[in-house]
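In the two complexes that follow, chain A is the common piece, with chain B as its partner first and chain C second.
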Partner chain A sequence: MTNKKYKDRLIIVLFLLPALALFISLIVYPVFNTIVLSFQSWKGIYGAPKTFVGIENYIRVFQSENFWNALLNSFYFMLGGFGVLLPLSFGLALLITSKLKGRKFMKTSYFMPVMLSTTAVALMWVYILNPSFGLLNELLRAVGLDVLAKDWLSTPTLNVWSVIMVNTWMYAGYNMLIFTAGLVTIPQELYEAGELDGCTGWKKIRYIAIPLSRESFKVFSVLCVTGCLKAFDLIWAMTKGGPNNSSEMPATLLYNEAFTFKNFGKSSSIGVILLFLGITLSLILNKTFDQKED
Partner chain B sequence: MKKKVGTGILYVLAIFWAFMTFFPLVITFLSSVKDNAGITLSMFALPEEWRWSNYADAIKVANMGRAVLNSIFVALTSTVLVIISGMLAAYILSRKNFKLRKLIYSLFIIGVMVPVHCTIIPISGMATATGGKNTYWFLILVYVAFNLSQAVFLFTGFLNSIGTELDEAARIDGCNDFQLLFRVLMPVSVPIISTQAILTFVFGYGELVFSMVLISDESKYNISRGMLSFQSAYQSNLGPIFASIIIAVVPIIILYIVFHEKVQAGMLAGAVKG
Partner chain C sequence: MKKTVVKRFLSAVLTTVMAFTMTACGSSDTGEEGSKTKGSKGDVTISVSSRYSADIPDDEFYRQKVEEFNAMDNGITVEMDNIVTESDYLDKLRTAFANGDTPNVFIEYGGSRALDYIEADAIVDMKPYYDEDKEWYDSFYDSMFESLIYPEYEGSIWGTPFKSYVVSLFYNKEIFEQQGLEAPTTWDELMDVCEKLSAAGIQPFQAGEKDTFRFGHFHNNIIIKSLGVEGVDKLAERTIAYDSPEMVETYQKIADMNKKGYLGVDTLNMDYTTEKETYYAEGCAMRWDGSWFVSEVYGKDVYDKTGAVAFPAINEEYAAEAQGGASDMWYVSKLNKSEEEIAASIEFVKYITSTEYFAGNNEVAAVVYPVKFEATENTPENPLLDEVTALLDGYTVIRTDVQNYDPESHMLDTVRNALQGIAMGNSAEQCAKEITGRIEVTGE
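Up next is the complex of A and B:
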């Protein structure tokens, strides 16, 4: 080997080393470790022996009502994502790409919530949703809708939807940007040509803006589905998964199994299921969207 | 005429959502300067007497000043390390030709798919084994690792998009790889570096899960932990809790106001990579 080639190799190794070392030791290795651990029983005592138990952890997870409830809650998150967040963000994107005055200010304001850290957002809303003095109930009572004043974060199912609405509030502006990025690439002439053919108002959105935003819908779908599976911070800060596990998400369940109940094997198997679901669903989504393109 | 009504409706919708966006913050701010009675009586009302002492309480009792500094310190250090290690790797992946290049690049990209929660048990174990529990350095290394995929992706893409004319000129001037990267390519890459810097900073500033797993020493809490522990321990006095929320969000709001266009572009770049 010549001297120059040798030096080049050295540079390659030296420059890659910091990133690769961190990446392998803190992401690749832990993922494999979690997979191995998911087939073992371990009470989390450092240095204590781990025993191989086959798929027992998975059986226990699939037999637990809490797990299915957590998955159902994730599904509610996705439902809220596609049913509420998507139309809202797309609507906001249409607003800020229109010719309205002050649209720059709107864009900047709409995006702001995602910057506030999740815990801060969660706590702000915990007090707004407080059953006794919270603003929402105060408002409902003030207009005579006392029957609608609820215990938003303690009533099962309703509490999950309350968090989903907070999630919507937080991420509407963020997803708006994703749709905006697609909308601004649609050439103005297309709208003008459409107008000549009598394509105005709603029809413009239906026949031009929506079909030409497929790429944005794809990005949104992948982010939404994987994000819903991983959701942790908001639920943790608002309900801790309670009361009685009613608002548990897979990620909060995983955390509790590990660090509250010390069932590290069972917790790991939830992690593996999440990893598997996340990768499968994003592959399926990518495929579906790419197929439609032909 | 019909068109005017339509535009009017659009304005109403636009203003409504702007109002919805600011409203919770305004209510939180108002509550942060009230006493218990003022909050529980009506969250709407303006405070009768502006109790700025709530802020002093949040800083003294909840140690929120320290929490903000912890958050900024950890986020900033992670950001610097992500940029340096990410740029070093991206330079190699974009400028050098070697056998494992494609494989290593794909490895980094697949990392985007890994959910944080899949790794918390082994990471917690590694922290115990290396004495990394309750240390800033371990937490920072974890934050760096989880931002590297994105950094490598963005930086490599950017370096690929700028041609090698600069490299050739620098080589003629006698630059080695180190000088070429840090003196020539880094300055040109400022736009993408600032994008990644914002993403990493925002991630690190309010991160929750790893902080919960790795940090139990209250003096090392970041803002998220600080607020949560204050909220559960100090329920009898509401004003200071609201004050702690405001203290936590002010630095990030300032950052956003100053760099809002850069931040928006950066967060978008972060989203579309997937």
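Up next is the complex of A and C:
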């Protein structure tokens, strides 16, 4: 190897080293540690022995009704993400990239919930959704819709969907920006050319905006799927996975297994399963979008 | 060429700065909150974790006494870390034990909950210190050490009692008088009272089951009054199963009351604090609670209207048995702690569990204490506390949370979680199945 090539390679390595060190110490090492712990039994006290138990933790996870319920709740989150959040965010993005007056005001107001802390949002909505004195039920009763005034956070399944709607309210603005980034890159000439061919109104969105926003949809999909799998903060702040595990998510289950039931090995196995699911689903999504592009 | 060199230099600087900032983000915080450091003049700083951050006389007194301890010239500085909500407090404590950065002194509740710490050799055996200071040891009632002694660790005492309690049924005497009712002494009388109160449009109880210990305590008393403390032991030994007919009957009692609305409305959306506020506002006629409630209701308008009776008997044979005992205990951690820190921690624990502390506390926040002491002349009259103390004197045996005696430390959370399902409308059988399912999954 010539001196220059060696020097170049050395510079490359030196520049990569800090990022690599961070990557290894903050991602690779914890993941490796979690995988190792998933095959052990540990009560979570520093210095306490860790006993090798093989795949026993995984068997217990797959046999656990709570785990499958948590995955189902995660699936509901994905349904809410693709069924409600995606069209809403895309719609908002279309709105703020249009020629409507007040676009800047709209952009700021739609993004504002994202800037609030999750705990503050959760606390606010816990009170709004209180069945006795919450604003939502009071409004429903005021307009004679008493039958719709539910116990939003204590009724199984309904409580998950209530959190999904709060999540949608909170993150619509954030995802709006993802779609906006894609929409603004579409050349105006394409819309003009489309108009000449009779592509007007909704057809512009269907035949121009959506296909050319493929990358944004891809980014949204991957973020949505992985986000739904690891959803924790909002559900924890609003319901703590209860009552009685009814709104448990895989991440809250992981947390409870570790810190409530002191099964750090089983908790780690849930983490590994989530990691595997997240990577698999991300790869499938990437492949799906790439195939469509072809 | 010069531009390239400048570019490369800037890139290198930016990368290094980013790496340093990321490292700083990842480092643990041992500055403000942590202990483990020696200040100037050989001072030892220790961290003490508790739940005493509420604006109630009992907690305020504790914080004041810690500040007084810090003002002493003893070379010890205490940094308090108080979190009032039990679940948040325990989450933080368990996280601390997982990463090895534990407080020097902390509150826990004894029994199986502390067994994991003992098995991991993470806490100090207090027996040698009690042997050294007999006067301090003898100031405690013998029964207060019950949850700190384990047969598998004979000869050791693993903590120091700080608070004790007995669960009683508190009721609004005025409401009862208006309705022509007597305070119930048996379960049937309780059901009768609930029915009559409901018929009169008065909420019998208002449970704050968002905090799962509410049904937990209620259930403890049902078990003790139905099966006695021997039943508690049999549950721990699994000679009575959690899905046995007698246990299903205990869940059924709660399920029946819940179905009839006796336990309150929207119980799952109400926490313990709001439950108490409801009682203060006379929104319900009764509540079950530990004797700490006496110090909390003291001074409120409803105090003079509040009476206390024993939790109603279910099986007459066990009428003189109750839930109670030492509740909060101080433990001293030895995980990654120096000998100086341990010594300072012991000195703090001795100070905060001295008869002087409790006598002073008694002047502002009358509760049931784990020690014997003379009340000072400044101690105000507290008729409700006298009632509760009289009840305590009438019990032959008391036990704390039933699952504290269980060898599996998860059982307290498991049972409380399952009982919360009853508030959701689960049946007694579902509750039993959930508990036994969990026991099976943990591999017993």
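Quick note on the criterion: the second predicted complex is superposed on the first by the 267 of 294 C-alpha atoms of A that agree within 3 Å, B and C clash if a C-alpha of one lies under 4 Å from a C-alpha of the other, contacts with A are read in each partner's own complex, and residues count from 1 in each chain.
We take it that a residue touches a chain if its C-beta (ideal position, glycine included) is under 8 Å from a C-beta of that chain, and two chains touch if they have at least 3 such contacts.
This one's a predicted model, so the numbers in the text were calculated from it and none came from an experiment.
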Which of chain B and chain C A:Ser132 touches, first, second, both or neither: both
Chain B versus chain C as contact partner of A:Ser154, first or second or both or neither: second
First, second, both or neither for A:Gln291, with chain B first and chain C second: neither
Comparison of chain B and chain C by chain A residues contacted: B
Touched partner set for A:Asn3, first chain B, second chain C, both or neither: neither
Partner chain(s) touched by A:Pro243 [first = chain B, second = chain C, both, neither]: second
Which of chain B and chain C A:Phe259 touches, first, second, both or neither: both
First (chain B), second (chain C), both or neither touched by A:Lys43: second
Contacts of A:Pro18 with chain B and chain C, given as first, second, both or neither: both
Contact residues common to both interfaces of chain A (with chain B and with chain C): 11, 15, 18-19, 22, 25-26, 44, 46, 132, 258-259, 264
Contact set on chain A toward chain C in their complex: 11, 14-15, 18-19, 21-22, 25-26, 43-48, 56, 60, 63-65, 130-132, 151, 153-154, 156, 240, 242-246, 258-264
Sites on chain C touched by chain A in the complex: 8, 11-12, 15-16, 18-19, 22, 26, 87, 90-91, 94-95, 97-100, 102, 116-117, 119-122, 209-210, 265-266, 268-269, 335-336, 409-410, 413-414, 417-418, 420-421, 423-424, 426, 434, 437, 441-443
Residues of chain B that touch chain A when the two form their complex: 6-7, 10-11, 13-14, 17-18, 20-22, 24-25, 27-28, 31, 39-44, 84-86, 88-89, 91-92, 96, 98, 104, 107-108, 111, 113-126, 128-129, 141-142, 144-146, 148-149, 152, 177, 181, 202, 205-206, 208-209, 212-213, 223-224, 227-228, 231, 238, 241-242, 245, 248-249, 252-253, 255-256, 260, 263-264, 267-268, 271-272, 274
Of chain A, residues touching chain B in the complex: 8-9, 11-12, 15-16, 18-20, 22-23, 25-31, 33-34, 37, 44, 46, 91-92, 95, 98, 100, 102-103, 105-121, 123-128, 132-135, 138-139, 169, 172-174, 177-178, 181, 201, 219, 222-223, 226, 229-230, 232-233, 236-237, 251, 254-255, 258-259, 264, 267-268, 271-272, 274-275, 278-279, 282
